[in-house]
Amino acid sequence: MSLLAVENLGKEFGGLRALDDLSVSVDRGELVGVMGPNGAGKSTFFNCVSGVVTPDEGRVLLDDADVTGDSPEALARAGMVRTFQHTRELETMTVRDNVRLAAPGQPGERTLPALLRTGSMRDREREVRERADELVEAFELDHLADEYSGSLSGGQRKLLELARVLMLDPDLLLLDEPFAGVNPTLTREIAERIRALNDDGMTVVVIEHELETLTELVDRLVVLQQGSLLVEGDPETVLSDERVIEAYLGE
Amino acid sequence: MASDNGKTTRRAVLKGVGAGGLVGMAGCLGVEGGGEGGTEGSGEGTGTTGGSTSGGGSPDSIVFGQPAAQTGQWDFLQPGVSQATDAALQNINDAGGPLDTEVELVRRDTGVNPQEARTVVTQLVENDGASAILGLFSSEINPLWDFLQEQRTPVVTPWPGSTFLDTRGGDKGTPENLDDDEWVWRTVVGDTVHTAGNAKRTLDEGYETIGVINGNTEGERSYVEGFLAPYEAEGGSVAQRVEVGLGESSYQSALERLFGADFDAFLVSLPQESAITMLSDWADGGYGGQPVLSDTLGTQAVIDQVGDALNGAWAASPGQSGPNYDTFEQAFQSAGDAEVNAWSPPAWDAMHVVALAIERAGEATPEAIERNLGPVSGGEGTAVSTFAEGKEALANGEEVNFEGAATPTNFTRHGNVFGSVTISVAKNGEFTEAEVIPAEDVRGFVEEGEY
Amino acid sequence: MGLLQNVIFGLVTGSYIAVAAIGFTLVYGIVNMINFAYGEYLTVGAFVGLLTAGTLPVPLPVAVLVAMVGGGVASLVLARLFFTPINHTGPVPMLLTSIGLGIALRNLIRLVAGRNARYFDTETATFRLTGVPDVSVGPFDLLGDFFVTSEHLVVVGCAVGVFLALHGLLTRTDVGIAMRAMGDDEDLARVRGVDTQRIRDSVWVLAGVLAGLAGVLVAIQTNVSAGTGYSHILQILAAAILGGAGSPYGAIAGSYIIGLVLSLSTAFLPGGMAELSSAMAFLILVVVLLVKPSGLAAREVREA
Amino acid sequence: MSVADRLPLGDAAGNGALLLGAVCVLLAAVFALTPLVVSLPGSLYVFFEVAILFAVYGVLVLGLDLQYGHTGLVNFGHVAFFAVGAYAVAMLSARDSFAGVSLGLPWPVALAGGVVVAALLGAAVGATSVRLRDDFLAVATLATAEIVHSLFVSFEGVFGGNVGIGSVPQPVSDLAGDADTAMLATLLLFGGVTLFTLAAVTRLTEAPYGRVLRAIRADELVTRSVGKSVLTYKMQSFVYGAALAGLAGGLFALYTGAVAPGYFTIQVTVTVWIGMLLGGAANHRGVLAGLAVIMGLRLLSRFALGVMPLSADAFASVRLVVVGLILVAVIRYRPAGLWGDAEELGVDT
């Protein structure tokens, strides 16, 4: 059964049709790649799914529940978390705080427990710190843990963003161009981590402009063109499809 | 007088029973314990004094404090008041000063803001050692009322017309007894009174229905209310009243609204600049009707800017009909080039009564001044128009009665003054005095004890 | 009460708000800042005009031109001194800087020029149209007799002149076209070879020139004092935002709406509410920000 | 302030302020409630006056810092909430005011009412405005303050017009009896309240709660995408700031015994903003110190009148020119303020 189902999604920006009757579904445990030329609607697709933008038409189902138009925060709490194409670090916070922030279920994020410094807040914070430190270490950011994330390099930012979303322990992870602007070594490393996460049972959808890494990584490829589904299937089939070749060459 | 020769504390110590000493707190706090319990009511006690004055003989210096509008809403009126104050200061010091001591005047900006005024008054009284305060607007006095009472320093101010002060302030007719005093005096005629003169004129001229246009600040509203009470009591009626904001670029819509009603004369209570804009709009629009102007508008600038359309308009002013206006005017003109405004003569009067009060008291403490403001301004004594005359008369053992520039300066029990009201009519490019409504006529409109 | 007459008053008020609001909104669009010191530019212009008219034997229109030049120069100098160096810091520091600059300028003007209000000596003629039928609806007349004064005509005439000149500038000249391009997308404009700093300077000058004109117009109608411009800044701001911040054409529309609302609310609000007319501009402003923050011109003001 | 760990798990943050605040309030109670009297040198009164005002404005600046320093909400109408709190308290507690409404309720009830009314106004403004972009929020709040001010001036029957509301109870003065003791007790009490406020906001912002606020200031979308209800937090922050301003207003009214529009001009907003920026937004002790610097400078400048080669008239204008230029200079040369953290605020130095 599908974890994420998108049905007949449509979105228009000032007369420009960014998404046109798009239907895609992702099964639990899958690792799906979404590709397409610039302007194909990949980011709009993510934005509609993750609640950043409300679609004009169609439905988004998460675990069979209709979540169309739900806010990003509600979707994040429901288990669907995304990253951004241009990494969005909380630059005025430290690496540690960036990761800790994402922790769910912290009673200390409510006024009264924060004011009263309740035991439950402290206990939870202790867990949060341990988990955050693990993640920071796992992504080899521990030597930068107390730096403001504004001082990180592009690749480090990608890693930090991954660490941050993993803090939420999502069921469904939407990654928007995780390899953009990252050197080849780091690209491979990030790809391995994504693979590992998927192997552990996390459902992952990756948007990527770069074909090479993506086709090696994913189970299934979805190709968008002008806001519609062009082709979908396993990477090899998709890449040999005439329409795909044409779409990319025609760019 | 002799009873008050010692140093006096400025703040009443009302309580002090069984206090333990908190010794050595930060060094800056003198802590008093016990000893003077239960002196309720007398308002007297021995202790420290904040001022630089002392009783007996010639004090080292005498300081007057003037909270001023050097910035803020009414700053354009300050030059006329500052110059009148400085002229009076010159006059007083030229005559040797009270108790043969030169008076120093400290002027500090309040921005017409009660918060700033509070700080300024504190600083003037406590740091500059001022023994009297010669300023403060209604919008400062009203919110600071309790605070000013605590200062126990006389405030003799030329500005406030506010009806709030009609039944507040003064020595309640008992100069020697400070317990009932309310420490605020004004040398300007309150709105309740001189507006009655204007109302009388309006009725006498046969205008029984009027329109009213006024600004939305205390001074403007209070003028209108002062005008309307006797006007309506004597049978006049208001056809339309429009309240407007100050400093707007156009009052045409407000005029359109005002003149939508039917009346013969209309009362204008606005500060000068807004009034000029409004009256220019009125002239351009050709609305007609008899303009009746509030006291502050009888100025050359109004005529110059509005032009011939204003012919026949009158302003009723209480501020320039004192018995010794000419003495003031002469001194004022030679003191600088500021324009006389309605508060200049009262500022002159305020300085004089305070200086004379010191001379009569023989000391320059706030309490002594408070006790003597009544005696030097009213009563039976020799009429004097300047400090020099007063000083001489007092030296001869006579009582004095200061006759001021704005009014005869006879304080009522609430520290208010009455005066005749001068009606000036605009004619051929200037205001000419047309009529003086005597103080007695005006007084008839105000109940005894209510002012 | 004649509606027509009050509409005329509203259009006059709207006219000088519009002249100022265009300058304000251009700065917003190109420099991306709310310039709270803009009111002081009006004051500077008004004083320059007054000084010129008072000391030199020149006719008033020449004094107005001098005021416009003075406003433009002042605006450029102030921008170079205070705003250009912090251009990169974002809207909030720029706004706060302009607030500080406004306080300093206002008091500097007071220090130099004194506190008394000054007046322009002008003659006003009134043109009256009578015999216009009242078209009554309830207690209101839709038409009715009305008048206009020469001052009205000058103000509206100046405003229309400014609109036409502005339109020409924005559509026909290189600088104007570059301004529009930069307002739409600064990066793109830079890529296309627009000298963005030069355009910013041009906008500052233009804004100062318009402020100078508006200052003199207000001063002729009322007077000149250190607080002249400051007392109008919120109306200007309200008009610019109502029109869609950054859009000069929107600002014109916004100004006339504000002018009409001020005039009509003064004339027609019921007795107890008439006092609110002075707060009306702000009420409109708040409502616009709540309902349609992008204003009439409907520019996208999206976060993220 | 350590940037590494905002949440010291062992020793509670803000406890120092809490303790000191309790000491102050206790001392205030000692002076107010016992027959103990003090007498202060008159020359210090003006400093006490300004110190009391500083304590009141301190509560204001801490609320503002919660809104702007931590959450990034540009509230340029802070004085409105201060004024509304003060007016509500005055109208609820005054007995027979010369003008306007006076209900004569006990002052503790009135004070609670004042905080609630200010918080409600905060909620109303917040609900409609916190979505706006920074500079538009500034304009919306500024306009709100103008509207509130003109309502107070215009509706004389309710708010007393320019006269304001008088005859407000002054509980500290009544309890303490003489003026000097009352002044000291007031300063201690208000200082205690300011310290309590400091403790409360410190606890809030050093808890995970504050982490969310700072994240919102940094990037709303990211904060939402990790599951935080940004709007809720922005509303809370705005309302808490408004409620604190209401508290400050209530204390102010009960201290001065009267409120009038003249107390609540845009000057108040400008002063607390300059104080906050000068001290360094997001640093609670820093903003208090910044406020102390600007208020101290203004006070000291009063004493400069005698030594400056200027007339009193010119001096009054020069003072304000200097205040304006300080604001300009701070933003340009110390954008993070004197004690702020430039990296944390994301500004260049």
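Per-chain residue numbering starts at 1, and chain names A, B, C and D are given in the order in which the chains are listed.
Throughout what follows, a residue touches a chain if its C-beta (ideal position, glycine included) is under 8 Å from a C-beta of that chain, and two chains touch if they have at least 3 such contacts.
Please read these numbers as outputs of a predicted model, since none were measured by experiment.
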| What's the chain with its C-alpha centre farthest out from subunit C? | A
| said: Tell me which has more C-beta contacts between its two chains, B-C or B-D. | reply: B-D
| field | Chain closest to the middle, measuring from C-alpha centroids that were averaged per chain | value | D
| task | Go ahead and note the Å separation of the Cα centroids belonging to subunit B and subunit C. | result | 40
| remark: So, in whole Å, the Cα centroid of subunit A is separated from that of subunit C by 48
| query | Which integer distance in Å separates the CA centroid of subunit B from that of subunit D? | reply | 34
| Between subunit A and subunit B, what is the separation of their C-alpha centroids in Å? | 74
| task | Pull out every residue in subunit B that's touching 2 or more other chains. | result | 71, 78-79, 216, 243, 245
| query | Listing for subunit C: what residues touch at least two other chains? | reply | 107, 110, 275, 278, 304
| Where in subunit A do residues touch two or more other chains at once? | 52
| field | Chain-to-chain touches, reported pairwise for every pair that qualifies | value | A-D, B-C, B-D, C-D
| Touching residues (chain side subunit B, partner subunit D) in the complex | 9-20, 22, 25, 28-33, 47-51, 68, 70-71, 78-79, 82, 106-109, 111-115, 118-120, 122-123, 125-127, 138-140, 142-147, 150, 162, 164, 216-218, 221, 243, 245
| request: In the complex, go through subunit C and note every residue touching subunit B. | output: 1-2, 5-6, 9-10, 12-13, 16, 107, 110, 115-117, 119, 124, 126, 128, 147, 149, 151, 218, 221-223, 225, 227, 231-232, 262-264, 266-268, 274-275, 277-278
| remark: Contacts from subunit D onto subunit B in the complex sit at residues 34-46, 49-50, 53, 98-99, 150, 153-154, 156, 161-164, 166, 170, 177-181, 184, 256-260, 262-263, 265, 267, 299, 302-303, 305, 312-313, 315-317, 319-320
| field | For the subunit B and subunit C complex, residues of the former touching the latter | value | 71, 75-76, 78-79, 216, 242-245, 247-250, 252-254, 256-257, 260, 272-273, 276-277, 280, 283-286, 301, 304-305, 339
| Residues of subunit A that touch subunit D when the two form their complex | 50, 52, 71-73, 76-77, 81-82, 84, 88-94, 96-97, 100-104, 106, 108-111, 113-115, 117, 121-122, 125-126, 128, 146, 148, 150-151, 164-165, 167-168
